[in-house]
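Both complexes below contain chain A, partnered by chain B and then by chain C.
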Partner chain A sequence: MLSLELQGNIKMFKAILYKEWLKVRWAYIAMLLVSLLVLVYIWMTVSKQIEFNEAKTMWSVIIFRKYKFFSDLQYIPLVIGFIVGIAQYAPEALQSRLKLTLHLPVKENKILIQMLFAGFVLIGLLFLFIEIFLTIITGIYFPSEIVSDMLTTIYPWILSGFAVYFAIGSIFVEPVWSRRITLIITSIALISILFTTGDFTFSALLLLTIVTFIIPFWTILTGYNFKRGIK
Partner chain B sequence: MTISKLGRILVLVSIVFVLANYLPDFYWLKFDKPVSKPLIGYSPVLSQFLIGGKSADGFAWKDEAGRNYSRNEWELYLPASNYRQLLYENILPDSINGEKMDLDSLRLHRISLRVGPDVISSRWIQLFPLMESQSGRVRLTMLDDFFRIDENGITFIDSKTNENDAAKSKIFTDAMLKAGFNFPSKLIAGNPSTMKPFDEGYFVIDSDNKLFQLKMVKGKPFVKYTKNPEGVNIKFIMMMENNLRNFYGIAISTDNKIYYILYDDYKFLEMPIDKYDHTMNRFVYMGDYLVRNLIIENDTATANYATDRNNKLIKAIDYKFYDGSKDAAISAFNLIFPFSLSFEEPKSGVFDIFFNHSGIQSVWGLIISAVLAFIILRKRKAANGFNYFDVLIAAFTGIYGLIAIILIKNVE
Partner chain C sequence: MENVVEVKNLTHYYGKKLVYENLNFSIKKGSIFGLLGKNGTGKTTTINILNGFLKPASGQCLMFGEDSYKLSPETKARVGFLIEGHIQYDFMNIVQIEKFYSQFYPKWKKEPYWELMSKLKVTQGQRISKMSCGQRSQVALGLLLAQDPDLLILDDYSMGLDAGYRRLFIDYLSEYAKAEGKTIFITSHIIQDLENFLDDCVIIDYNSVLLTMPVKEFQKNFRQFNFTTQEAHLNLEKDDLVRNFENIKGHCVIYTFASESEVSEYLTQKGIAFTNLKLESMSLEDAFIGITGKY
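Right, the complex of A and B next:
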């Protein structure tokens, strides 16, 4: 038996999810198409390279030279997170709609976190689609070792998509430019760590995941600053 | 604590994380100095080491007493490693210390090999090509299949179809089981390249720490238990097929010993070295007909153990090349930065969490940061209220926390 409060929360989240979807749907569909194009391009490139250079050569460069045949995908999650974030938050910021939202008799943190969570679910679905599609392509031509290497390699790229999205969502509420700039620089620095190319260990990936998922909670501070108009 | 204070702490944590990653980098971009590592070779003619390194007027050769040598002299005193130049100039001596300078021997013994900590710790996709080692052709060729070894045995996967070759897999698995191999494997080491004179396949350690050689001879499996010595826990094997056919390659143990794996019944021959740490030092083997130089390098010194062809130590040197030029920068670093955080490390082949504490020197920096935080917060008192927690942050994270609390003011 769900408590009444939880039921209310779920109802409210559904409403927010729908409202956020309406805002981002065109950007979202565009990003879905871009991802699809890049994935098909990667697919065609791999099949062409195997046809021209023999499969064993392709396997060898992947295994011994760490060639990443899917590297065209590297910045796609970042672009997705950025575009969806802008689509979701720019209207709020430009039309000062947020003031209205935050004057509702609900805690500002709750609304802001739920907005971020809605976007997280949406771009998360898109990333999941990319991962599944790429796993299928990779699995056609290569054995499971190469598939799991591909998944560990793209993991920090996927994190970068979440990181930029969370950063946009948290920073746009911040009313003071000096603090905004601090947070923008901090998030750019964080994201650039995710693009160091190499084999991350499990513990390194875990730490980067934790750090990425701290970003949405910056809104607790920035939302507070917004509501109080702290200079 | 209010929820908004918690939000601020999360922001501070993020800023400290980023600063601990980047500020040390910026510092070293400005203050790092190149330290050039010397080349050290044993001269069988002079019976001492010659050390080559950068000096005021370019590259210079010196002996242990500091006397200078020209490049030509160096070549003459290390004749076996420079035999090609001496031959070209027609000044190669007929014999040195009673050893005849015959061209075949000179050529065969000229082998070099290097293993750094980054190579040992790097990570590779565990798929391997098995070549035909007796094809009857001079050139080696790659076949279409790659193998993996897991608990079910060895599996060959055809790259053309990405499907398992069940028949071949069964033949090889059976051969390995018959040789006493206990699946899965702990280490597979080989030299998967066609740019080598011939193929010796792979050294594979099974789950009972037994070392096997695996290769393919005329399409059939060749699996042999090497009776590797018990008590030698192998960390890393570098295979290096060479025409000398004296050793297959080298094995490095977890307790930092280095062994030749000999053609003579796969015997492990321990090299007469000490002071080696496979997580920190680079090992270089520079062998020629007269001397095998076993070199252990770290950031400040190079040790060279000159041995003869029978692994007998002739002479050793521990040469400190670091001149202290970075000491001041390091001290200042430890004072300013209480710790640093990085995912990259030149000595590591993987990206891991590298947290370095600056040690006792950092205490002064932490105290200064705390005092500065105290003064700044006192000045801010009117607007944002004084809080001891921020002083604590600066006291524990030093410059990073200090910058963070200055940028992000306290909240109610």
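Right, the complex of A and C next:
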């Protein structure tokens, strides 16, 4: 049996998830379609290349020349995080609608984190779909080493989607423009690192993951500024 | 009687600009309290401080005994808040928004909400953003009534509403106020609608608090005296007796808490030759303009 408090928390989170879904659903569906189109395009391209070249030739090009047949996907997670973030947070920032949310009978930090978590779950599902689709395409034509390499390569791209989404959350909640600009510059710098060429080591990826998942806590600080009424 | 809201020595600045200094008032449980003032005098600032969206420069605001800046979820559930301009989640329709809010409030009563919605000429799938200002105000009011809060805070409920919607709003609020122990804190710049509705009020002006008292006492004791004088440019400075003064080509008006004999004696002492000193009756709006001035 779940405790009453936990049941209440689940009920409220479901309500927040419902609200966030209503805001982002059209942007989300559009992003799903764009992702699907890019994935189908990649599939068709790989399939044609395999048809015109021998599979072995393709493998060697991928292994020795570091050819990324899925490179069209590089900025898709970033775009998804950006568009979903804007769709979710712009309506809150406009006309101080965030006051409605912060007046709900839930602790302010908790509700801000719940909002971010709702978006994280939604874009996370989209990224999972992309990864599974791409894994299947790659697995059809290539050995598991190439599948594994592909997943490692797209990992920073996926992180960029989460990073931009979390950053947008904190930027829209922040009431002071000068601080918003600082957050924008910091976010751009951080996200640029994720697109640097060359392979990341495991520890570099771990560090980037930690840094990305620290960004949601910016929202606590910007939420505090919003609540203090700093202008 | 128990105080639902207590504001003690509240002072606030925007940058170096003083909004007001030492604002004090308390709101009794079961009363209807009006915060009245012209545009830009700090009504919304006070509401924001009360709801914990602004930290005051100094002073204290207590709501149900809690510091308003650190309200617990339980206390927030007891407070219904109408944001200036009837702001709501306008990407939702009336079904979605009721479903959303009902998850947060233990005392949720959907009947008053749907009763109000049945009066609106809107479809259930119509987004709130596509509704008129009056219709949006009714959605916001319906949600507040469904929340069944112990304290309703309404920031300029009349903004953008025509006379019909304003009357409807007040009618519903009056019904709500009849329930035992329900308290209303309201701000508005349309004072005429609040006549016979408010119990107590505080009137604020730019940088200052003009008065805090029961409305009946204010209407009973605040007076307007007209007189005529040959001194076309006569000007009386505000003091303990003269709360406001107007002179249009020798036709003068004094707003005061003093009696007719006190005013007559005052003018005589000042050496002002006057005739036709006469007490004029005032509505609440007249009295409000009298004490705050027209400009």
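To be clear about the criterion, the second predicted complex is superposed on the first by the 227 of 231 C-alpha atoms of A that agree within 3 Å, B and C clash if a C-alpha of one lies under 4 Å from a C-alpha of the other, contacts with A are read in each partner's own complex, and residues count from 1 in each chain.
Definition applied: a residue touches a chain if its C-beta (ideal position, glycine included) is under 8 Å from a C-beta of that chain, and two chains touch if they have at least 3 such contacts.
Values in this document were obtained by computation on a predicted structure and should not be read as measured data.
On the superposed chain A, the positions of chain B and chain C stay apart, so the two partners fit side by side.
By the touch criterion defined above, A:19 lies against chain C but remains apart from chain B after alignment on the C-alpha atoms of chain A. Look at A:96: by the touch rule set out above, it reaches chain C but stays clear of chain B. Vertex at chain A: the C-alpha centres of chain B and chain C lie 140° apart in angle, rounded to steps of 10. When the two complexes are superposed, the chain touching more residues of chain A, out of chain B and chain C, is B. By the document's definition of touching, of the two partners only chain B reaches A:186; chain C does not.
Look at A:60: by the touch rule set out above, it reaches chain B but stays clear of chain C. Annotation: superposed on chain A, chain B and chain C show a minimal Cα-Cα gap of 10 Å. Touching of chain A by both chain B and chain C, each in its own complex, is seen for no residue at all.
On chain B, the positions that touch chain A within their shared complex are 3-4, 6-8, 10-11, 13-15, 17-18, 21-22, 122-127, 129, 142-144, 146, 148, 157, 159-160, 162, 192, 343-344, 349-353, 407-408, 411.
Chain A contributes residues 11-12, 14-15, 18-19, 22-23, 91, 95-97, 99-100, 102-107, 226-229, 231 to its touches with chain C in the complex. Interface residues of chain C facing chain A in the complex, by the touch rule stated above, are 14, 48, 51-55, 69, 73-74, 76-77, 79, 81, 83, 85, 87-92, 96, 99-100, 103-105. Residues of chain A touching chain B in their complex: 54-56, 58-60, 62-64, 109, 140-143, 145-146, 149, 179, 182-183, 186, 189-190, 193, 196, 198-201, 203-204, 207, 211, 214-215, 217-225, 230.
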